[in-house]
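Presented sequentially are two complexes of subunit A, the first with subunit B as partner and the second with subunit C.
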Partner chain A sequence: MQNNKNIFTASNCTCEFGSGKKIVRAVDNVTFEIKDEEIVSLVGGSGCGKSVLAKIMLGLHHPTSGTFLYNGNPITNTKIHWREVQAVFQDPFSCFNQFFTIRSQLKAAFGIMKDKPSTKEMEDRVDQALLAVNIKPPEIEGKYPFELSGGQMQRMLLARIFILRPKVLIADEPTSMVDACVRANILDYLMKLKEELKMTIVFITHDIGLAYYVSDRLFIMHKGKIVEQGSPDEVTSSPKSEHTIQLLDDIPEIHRDWIVRSPSAKLAHPAV
Partner chain B sequence: MKILKNLLKSPMFVTGLVLFLATIILALIGPYVHTITMERVGPQYAPPAAQYLLGTDDLGRDYVSLLIRGLRSSLYVGFLAGIIATTVGTLLGIYGGFKGGWIDDLINMITNLFIVIPSFVILILISSSLKDGRSLTLIGLIIGMTTWTWSARAVRAQSAALKSKDHISLAKINGDGTLAVIVKHILPYLASYVFMVFILQVASGILSEAAISMIGLGPLDTVSLGTILNQAKNNGALGDGVWWAFIPSTVIITVIVFALYLINTSAEGAFNPRLRK
Partner chain C sequence: MSVFEVQNLSLHYLTRFGQKIHAVTDVSFTMEKGEILGIAGESGCGKSTLVNGLMGLFIPPLYPTSGDVRVGGESLMNRSPKDIRENVLCRKVSMIPQGAFNALNPTCKVKDIAADVIAAHMKEVDKKHIYSRLRERFDLFGMNTDKVLNSHPIQLTAGERQRSVIGISTLLNPQMVIADEPTSALDVTTQKVVIKMIFDLLEKGIFSTMIFITHELPLLRHVADNIAIMYAGEFVEVGTTEQIVFDPRHPYTKALMGAMLSAEPGQKQKKPTAIEGAPPNLANPIEGCRFAERCPVAKPECRKNKQDIRMVAGRQVRCEYAE
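For the complex of A and B:
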């Protein structure tokens, strides 16, 4: 059950890079709140500033002006912050160090914990997390990141979250590098995490269709600004911003003929 | 072990390693199989014969003794310069590239300053100003301290490119500090570069010492392959057809540098885990 506690509060938050004439305003004067146990999607095209905003939430970037608060306080001690706020990144292959085994890197996640469990408990928790994402521990034993498939790697990132059990998860396009079947799986795991851990999830995507299904609220971003926010139904049924309309127009529609010709349709309706 | 196994599969690496080890073995066990003497053993410029395998120099000293001594000095100076240049360059390059901002700007400025001042000119100026006490170690130190810029440049660009990768962000949110991130998540990716830079720095150290000694500004306390060449040049050995005065030392320098370049070129495939078979 959602409560009204604000997890993130941004007021006139701006983040700029570079200096002089080469200044780039990645996040431009955004104001929003994200409540406890909410799933909020940041939706926008490439370069709209959603990943930078995600890094501000993680404390990896800091706003150049305005304020950004977590639980009512600015993010000063990042180590404490990362015990509660964790992330899944877009490209699972670039997320893991190629020189260490997957298992050792999953165990490295315990590094952020205040009270590290014993080695035995660490191993058990890694095994449980792997099983939670449907991977049998021997499957990855002694394997390096480049020896696994994209779908397996993306599940490794989620296994890391099962190990850490954070309060907030920033999911930065976790499904953009995987095929449609794996995408459905990843979304299932995210929902499982949400159910089990009562997490707040910030879901970052360019796919408004996907965001519609998973979110409690949508933030539409364009050129660093949040141009529209509201419930998925509000945003999709009566979009106010032209950028939202553009995003909605870009959702591919499956042609009626394809549905009729598809093997499953033929099975369901042999007469067709 | 895996890296070594892969390296040993490359004929280029094996050739380079065998040649390089041969020079090291010659330098290490040479004094045990051949009596090294700096005393006069025969007439001036005696040609190679059973008694003196590679002839004698203008002072009647045995060239085999001189070459073994010289080889030891050249390898010492090469490794000393290589270690200094690689360590200083790698540390500054990685730190600057990773940290960015004003620290990177400052390190970049210093690197550029050293790059635009020709290091060989500095080497000549420092060497010629030190009339007394110009030792082999000092020459190695000067070479190392004037050539680290290459390493810094090569490593900085790589480090700056790596710092924005997701695995660095993940390491940070795993709680790794700057040192742990650099050691565990940046250095392994740069190991091949650092190794290759080191090999090239050793080769360039040996060449620089030979060049500076050749023009008469080499170490005063010992014999090096460069000082042998300098002596041959000063005594007009080249014009007199005394080939044994300069060809053996030139061949040794060429073999060491060639071997190091072979090792350097073959290293990439072994260090990159994606290229491993």
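For the complex of A and C:
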């Protein structure tokens, strides 16, 4: 199913912010390639540069040195780039405008397409997309973003992806705002979208357990560098980098000891 | 005597159309000194509403319907928010909020926020001594004390902010701490650091009794002594951590355990299963079992018969068919 076409190619890609002494190197000399129809996870703690890398993929930032290519070309025109590369973000409420109905905003997604369909077809495609994420179109008729729950809004973002049918989806912590049952639900729809649209997915998360479940390949990031990459089973069963071991170690697992609480409380410390 | 007693607590919101939303129904439990109770449930099941009720802080549109909350024998019901703020919060019951960034005033330094807490609750403390006493307390937290106290919240990392908030919440050695999802906005590494700090404070005797609210059951397995599973405003199963995590009996707890992910090698084929459907609308009174619409083993009579708490295999379960 997979072919060897490279979707993204990064070679010695570095992205820095600030200048002089206050320079921050968010992405540090990374080299990788992401193939067609692959699900790649970027895993790392807060501030390790995974979101900056996602923004480079979206053309929102440009590498300060090195090259970053999409289908062999550098990203210059974001309007054209976004027809093929789309993103799902962490907080769906900040992705939608509170003053417009959800339906009108889903229809606005057609704005970036080259050939806009007729109004009738737009309505049909919005309906189809809503059904694909298991929401009946009358349920959101005339509703505004704040009237829906977090899980429903996250599915609206996925419906938007379904309308646009991009080649690449960048999912930046799409499940970190929702609880465990909704998370399983969102992941199901994400996988369904992947099957249907034959997308490449770049999945960004800090939870290596989640990454293990969804992806074909894992990139572990630390301080802007990719410290380890490989298949999920390889990385989780025989981690090589200390940062990977730390990430695996920090997840509270049901069947493994984590932090052990000492049973007896000592004498009370006086109040301030 | 129990430190914390909750008897048949029911809470409702009153909307501006006069409609009552019964967010919490018939919650009862008692806690002994030194116990950690974990409360788990999905978003919108009434966890955060319950927290407000447990503090006795009823700010409209939230009103108590019935029931009683007692801390060390003292009732928190039918008291004004001003009275609660002055005499109960921080000293008796203290809350660790979810988003540390929203809980700290962005225009103040951390030391000023903390000093305010002391000045408001302990009139007898001389203002000159507040900062030195604060420094002593913050030295226990394992952070760079000077840096944290003299920074504005925006200059700190997420973990430092959350730890500062925990430090400020526990300044007055409260009898009871309620942690409302203290780590859900943090990454796994920072989460571990924050939980370690909480354990450290427990060990040092700064506080001993805690309610820990989260939707991550694997985390509760390591933190809590007892776990209560909440669904649509009710406790559906209450038992010890081992009972709930390794041997769940209520269909909802079973479904919740099925939705958990694991990074253990070779588990990739074991897919987490989502629970289909949505929780019921709490504006309309529900007679039968609240989980019946989504329950995989529901019988037709489940929708009619009111479910009461009963004992199954040593724990409380709200399901008449659970075995």
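Brief remarks on what is shown
FYI, the second predicted complex is superposed on the first by the 254 of 272 C-alpha atoms of A that agree within 3 Å, B and C clash if a C-alpha of one lies under 4 Å from a C-alpha of the other, contacts with A are read in each partner's own complex, and residues count from 1 in each chain.
Just so it is clear, contacts are C-beta pairs under 8 Å (C-beta built on N, C-alpha and C of every residue); 3 or more make two chains touch, one makes a residue touch a chain.
What you see is a predicted model, and the numbers here were worked out from it, not measured in a lab.
When the shared chain is aligned, subunit B comes close enough to touch A:Leu58, but subunit C does not.
By the touch criterion defined above, A:Pro232 lies against subunit C but remains apart from subunit B after alignment on the C-alpha atoms of chain A. When the two structures are aligned on the shared chain, A:Tyr213 is found in touch with subunit C, with no touch to subunit B. With both structures placed on the common chain, the touch criterion links A:Gln246 to subunit C but leaves subunit B unconnected. With both structures placed on the common chain, the touch criterion links A:Ser19 to neither subunit B nor subunit C. In the superposed model, A:Asn4 lies in contact with neither subunit B nor subunit C.
By the touch criterion defined above, A:Ser118 lies against neither subunit B nor subunit C after alignment on the C-alpha atoms of chain A. Legend: residue contacts after superposition of the two complexes on their common chain; A:Asp188 is shown touching subunit C, with no touch to subunit B. Put simply, more of the residues of subunit A are touched by C, taking subunit B and subunit C as the two choices.
Interface of subunit B with subunit A (complex): residues 165-167, 169-176, 184-185, 188-189, 273-274. Of all the residues in subunit C, the ones that touch subunit A in their complex are 34, 42-44, 118, 133-134, 136-137, 140, 157-158, 171-173, 186-192, 195-196, 199, 202-206, 208, 215-219, 221-223, 245-246, 255-256, 259-268, 271-275, 278. Across the complex, subunit A meets subunit C through its residues 45-47, 149-151, 178-185, 187-188, 206-210, 212-213, 232-233, 236-237, 246-248, 250-255, 258-259, 261-262, 265-272.
Taken together, the subunit A residues at the contact with subunit B in this complex read 55, 58, 60, 78-79, 82, 86-87, 89-91, 94-100, 108-109, 111-112, 144, 146.
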